[in-house]
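Order as written gives the chain letters A, B, C, D, E and F; numbering starts at 1 within each chain.
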Amino acid sequence: MHRAVYPGSFDPVTNGHLDVIERASRLYDEVIVAIAHNEAKAGLFSFDERVALLKEAVEHHPNVRVTQFDGLLVNYALEVNARVIIRGLRAVSDFEYEFQMALMNRKLVGEVETMFLMPKEEYSYVSSRLVKEIARLGGNIESFVPDCIVRALREKFSKNNPRLTP
Amino acid sequence: MHRAVYPGSFDPVTNGHLDVIERASRLYDEVIVAIAHNEAKAGLFSFDERVALLKEAVEHHPNVRVTQFDGLLVNYALEVNARVIIRGLRAVSDFEYEFQMALMNRKLVGEVETMFLMPKEEYSYVSSRLVKEIARLGGNIESFVPDCIVRALREKFSKNNPRLTP
Amino acid sequence: MHRAVYPGSFDPVTNGHLDVIERASRLYDEVIVAIAHNEAKAGLFSFDERVALLKEAVEHHPNVRVTQFDGLLVNYALEVNARVIIRGLRAVSDFEYEFQMALMNRKLVGEVETMFLMPKEEYSYVSSRLVKEIARLGGNIESFVPDCIVRALREKFSKNNPRLTP
Amino acid sequence: MHRAVYPGSFDPVTNGHLDVIERASRLYDEVIVAIAHNEAKAGLFSFDERVALLKEAVEHHPNVRVTQFDGLLVNYALEVNARVIIRGLRAVSDFEYEFQMALMNRKLVGEVETMFLMPKEEYSYVSSRLVKEIARLGGNIESFVPDCIVRALREKFSKNNPRLTP
Amino acid sequence: MHRAVYPGSFDPVTNGHLDVIERASRLYDEVIVAIAHNEAKAGLFSFDERVALLKEAVEHHPNVRVTQFDGLLVNYALEVNARVIIRGLRAVSDFEYEFQMALMNRKLVGEVETMFLMPKEEYSYVSSRLVKEIARLGGNIESFVPDCIVRALREKFSKNNPRLTP
Amino acid sequence: MHRAVYPGSFDPVTNGHLDVIERASRLYDEVIVAIAHNEAKAGLFSFDERVALLKEAVEHHPNVRVTQFDGLLVNYALEVNARVIIRGLRAVSDFEYEFQMALMNRKLVGEVETMFLMPKEEYSYVSSRLVKEIARLGGNIESFVPDCIVRALREKFSKNNPRLTP
């Protein structure tokens, strides 16, 4: 059984994330999409919202499971019996941060390997942060996120807090 | 009529920005320097202060106009009939962020193109953030910003809040 | 009259080049595509072949002219009365080389400015060198180069020199 | 059956390559180390020598097979029924070249995915080119390559061509 | 007397910092490790704690002195009669930030030069920020920081604030 | 006695090199400028010419000595009793190559440390290769190289080989 963990904060999930998930789902028997539970860093969406939205976005992949985790990612990977952590790489700045994390994680738990893959080039510039910013300013985000996120962001920003910082 | 928009937060304008503005003013019939109006991110200078200081700093360029804008930059560019957004590129880190923004903007409004140019190499390390930090610590900033900003920063930091974080 | 020079070796022209040319043709009154004539560095295609192929590839742009030049690019730009050199930027490695060239050129002739723009992201990985390599190995290059180049490369590699290094 | 191809020129194989091979051998059911057969680019070692040396260096991995291939890598991957191409990433410059190749390959054959992993950090600066250079100058290469390569390089450079350029 | 200043926030000191300090202590007659005193940016450890911990960590180096400073680093370097500022470089992102700072500092005080050296490659991914994050999540940090910091971090995070953001 | 080696091919020396030499001469008791003697890689200038030109260019620095060396740089550094190798860093691409070399050299000889410093920003884009190219095309190189090199390049390119590839 080849199982991989794809971790992130997914606040919210973008088409770039979904592209990585789809590719991983073809390469591994099971992919666990794991939302990092960081109480210290509040997001635009609550953890329960993120889980629900991600589940909706990946429900057509039978071998993809959505979870959340506490504590160190590598410990979580061991716990769910995954030997591989999947990360998407888009740009040089990604590269350096991701490598630092991957080397740190390897030092912490040697049995878990981080593997990188590239999202489709048309998603190389899509990030959760930018999508939230554009949605906040009223721009069209339909080509950057799945339908459920388009709706969820519209709802967030149409409320009585029209200038909320994401 | 070739018109370009040069956007930024200009908190405050530096000699690096002014170098880009001068080069753009020679290449386009009109250059609109547009201060992004972001209520969520307060700066050291208020928007009205930034507008006033920028106007003073560029008043010798007859074809440069200073404005501020709300909402998406690309919409603002369309509104003022500009086909071009000008951005200065100094370093690799600039490059990645700027490309992400430019591709996003192109996706949002295809008719507007982002063009990059380089400031003079002696301004390649000048940033608003660093200039504020040096001014706060009492360093000499005369070679990094125009006279009006030297005076304005001196005033900000000589007040009763000598340790204000910029 | 806003005139720009777009220089290169175009050995051969790719869809990435053509995308830059099309964008430039919308932003300038005239775009001069200038093939650098470097006797010291022979290419796969002769200079006459490159000129002919480029002309065919851009013939639908009424304001694009194909030429070749000897000597320093900045001198050629002055000669044809262009104030702007256009370059496409795809990646960090491009960025550094291009900036070195642009700063050098600015030092040589201060009146000519280098402006950078991004090709469409789907062409960000297309280069003349890779296209030739793939064609040589019999791969399908139809999504990377215009039809005239597909035909020209097929001809080059079907000849009696099936293992020619490009 | 999860099978991966690890391509390269391996002229010669280094400890960095071997580290990637070992990691891959733990993550895939079979790893095919595939030496690119490029007649146009002669190396220090002949293709037969490279195959023999690689076989010696990986003989303790029961699920690693050494081969060579002609033509396009993605076609070769399809032929041997591998869905994954493995590449090691060490530095930013690697990153850009590798991404260009991976996107190109994905365009050519969509079913084959390129996955990246990091060699151990102590091999991040080891390259075939540098190892050959140091061996040529008489330096100690024992910490950079396996024993069989130490011997093979010593033999190459002790011959009657003491100043051969690698 | 060749004296160098090695500045930082050291919140807390890592094995990467200590590696740079040790190398510098072999190359200069005296090394002054200078903790930047920034009231605006509170850390996990107080300035007095950082000074005490650093002193403990470097007490075996007779020519290393631990201090703290206010104001501009270059002024402090002049004050203590140091002609050299030492900085460790680990990655491309370091490089750009460090170069910006070094050029700025050179402009402010021409007599002081910034020299860069590399920490051991196994510390290339260790940062104070990551170490604090791992300690907070209960991971093992013994290979990243000296013993005194292991103890100090354990104490910090075992207190009544188990979810404190560093 | 603090002695540093500044190695290079200096084909030919540029103002960027001279700026590094001058800075190093202020920071070390003696600076040995060492021309790498690589028979496999012929340059535009012969080794004897490079030595003579460098000597002329640095003769006003009493503590700078010009030499050439064979074999491994780190062995040469040990031989001349230098604990430090000086390298100039200009750009990200420099950075990666230089780090690879420095880590390799440290592995070969642990007692020798590589220290990096930045040339003046106005020389950040000057390279021997570009200077030769511009001189070959008849451009003005007076702001990039010292007088003796201006004369030497003029002589090289005015001879009967007007199209020599550098």
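The rule is short, and it goes like this: contacts are C-beta pairs under 8 Å (C-beta built on N, C-alpha and C of every residue); 3 or more make two chains touch, one makes a residue touch a chain.
What you see is a predicted model, and the numbers here were worked out from it, not measured in a lab.
Centroid distances built from C-alpha atoms place E farthest away from subunit C.
Averaging Cα atoms per chain gives one point for each, and the point farthest from that of subunit A is the centre of F. Simply put, of A-C and B-E, more C-beta pairs touch at B-E. Taking the mean of the C-alpha atoms as each chain's centre, subunit A and subunit D sit 32 Å apart. The centroid of the Cα atoms in subunit C and the matching centroid in subunit E are 48 Å apart. For the pair subunit D and subunit E, the distance between C-alpha centroids works out to 38 Å. The set of subunit E residues that touch two or more partner chains comprises 92-93, 96, 99, 103, 121, 124-125.
Every pair of chains meeting the contact definition is listed here: A-B, A-C, A-D, A-E, B-C, B-E, B-F, C-D, C-F, D-E, D-F, E-F.
Across the complex, subunit C meets subunit A through its residues 92, 121-122, 124-125. Subunit D makes touch with subunit F in their complex at residues 91-93, 124-127, 130, 134, 137-140, 143-144, 163-165. Those residues of subunit B that touch subunit C in the complex are listed here as 2, 23, 26-27, 83-84, 89, 92, 95-96, 99, 102-103, 106, 113-118, 121.
Considering their complex, residues 39-41, 71-72, 75, 92-93, 96-97, 99-101, 103-104, 107-108 of subunit A touch subunit E.
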